[in-house]
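Have a look at this one before I ask anything.
Chain nomenclature is as follows: A, B, C and D, assigned in order of appearance, with residue numbering initiated at 1 for each chain independently.
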Amino acid sequence: MIQIVETELPISEVTRAASAELGDGAGAVVTFVGTVRNLSLGHRIQYLEYSAYEPMAKAEMQRIVGEVHRRWALPCAMAHRLGRLQVGEASIVVAVASAHRKEAFEACHWAVDEVKSRVPIWKKEVAVDGFWWVEDPLGGAPGTADDA
Amino acid sequence: MIQIVETELPISEVTRAASAELGDGAGAVVTFVGTVRNLSLGHRIQYLEYSAYEPMAKAEMQRIVGEVHRRWALPCAMAHRLGRLQVGEASIVVAVASAHRKEAFEACHWAVDEVKSRVPIWKKEVAVDGFWWVEDPLGGAPGTADDA
Amino acid sequence: METENTFALLLFASLRDAAGADVISVHLPGAEPATVAGLLRAVEEQCPAIAKWLPHLRVAVNCAYATPETPIKPGDEIALIPPVAGG
Amino acid sequence: METENTFALLLFASLRDAAGADVISVHLPGAEPATVAGLLRAVEEQCPAIAKWLPHLRVAVNCAYATPETPIKPGDEIALIPPVAGG
């Protein structure tokens, strides 16, 4: 199961989706939840705005789930939230179920790394004194709050 | 936060307890949930019965939390369930929060390994044709169901 | 007479802000088979505002990351992907 | 006259079932400082039903795992811990 949502992340649902696929064989479910950090200390962050190239983001998440299945033969489920998020809110959840915990930890860690490096989702931080894209390669001057 | 409970595991509460300690600095929470597997294929398992040397189990869980704090400087929370559990029910939850996911995965995996090797908790499987302790070192003949 | 094919490129995030547009068009000679490498050369020549971004971009063709050798044809959905920051 | 100290040992799980009791008592000479190692020798001599379990057991003193050298005194809470199976 992969989902892109604009409201609160369905964390329990994602965890259940991963373990349900294994049924009674699931002994371990490892769940990663990423929450919005205040990355720009010194600025008063109002909120973060996540956006995506959505059809590709879904396709890429589906490919990662497929690769976990091929490499570890384990079920993986994930969801990502878009839109406005406050610092402290959950933006991503990735869950992997397994009979054995070592593989569940490995595969979940791998899947999170892949999401962060491959899935076309971006975020900008909006502060009272401007906004800026996280990972902006040219580190342009922040826009003004009015542009946000 | 460490807990031993006889009812449904407070999974969300444990996850929140770990991340709350880091406040806005928490970017990652890794949660492990262990569920009861049917370990004895071929027997019709009715339920599992978890028991503990409870004061020591709590002390040992607290020591593991302390060691995660000393080794990784990360907050860890955990809960274990005792009593009768059905196959598929959650028996243990361990959560570690961190600014960075690599350390959260490492520390959570380590803490689960330690719980499973050190915390004095035992389980017996009760089937229609008898019961047996998991990890019974002398692998005695199963007792009768009446003894369960 | 030389023919041309036009490709629309989707832009996102910081790149979209820099270009001031969510899509740009580039033209490739229609006579030869087009590839992602050829497309990027055309971007460099025809879109000076984006040229300096090229070392930082990946190209997606029909919702999958492409290599320089990936063939493209009119009608493909092509996107320029700046460094991602999901999670 | 030789004095003796009596220690109660808590039993759990498979070991409790095997002994048919949740606590057993062993006696150590009162004259010398007692340790976990001495306690285990006394168990071997005085509790034949448990002797064959000893290679598989850990000892806890006051809710913490002990080593053979750990000193013990009357009043300590001592437990024999068979292989655990939590999680």
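Things worth noting here:
As a convention for this text, a residue touches a chain if its C-beta (ideal position, glycine included) is under 8 Å from a C-beta of that chain, and two chains touch if they have at least 3 such contacts.
What you see is a predicted model, and the numbers here were worked out from it, not measured in a lab.
Greatest Cα centroid separation from chain A: this falls to D. Chain B and chain D, compared by their mean Cα positions, are separated by 26 Å. Distance between chain B and chain C, defined via averaged C-alpha coordinates, is recorded as 51 Å. For chain D, the set of residues that touch two or more other chains is empty. Along chain A, residues 34, 112 each make contact with two or more other chains.
Under the contact rule defined at the top, the touching pairs of chains are A-B, A-C, B-D. Of all residues in chain A, those touching chain C in their complex are 34, 50-53, 55-57, 59-60, 63, 80, 91-92, 112, 115-124, 133-138, 140, 143, 147.
The touching residues of chain A, when paired with chain B in their complex, are 11-12, 15, 19, 23-38, 87-88, 99, 101-102, 104-105, 108-109, 112-113.
Those residues of chain D lying in contact with chain B across their complex are 10, 12-14, 17-18, 52-53, 56, 60, 63-65, 79, 81-87.
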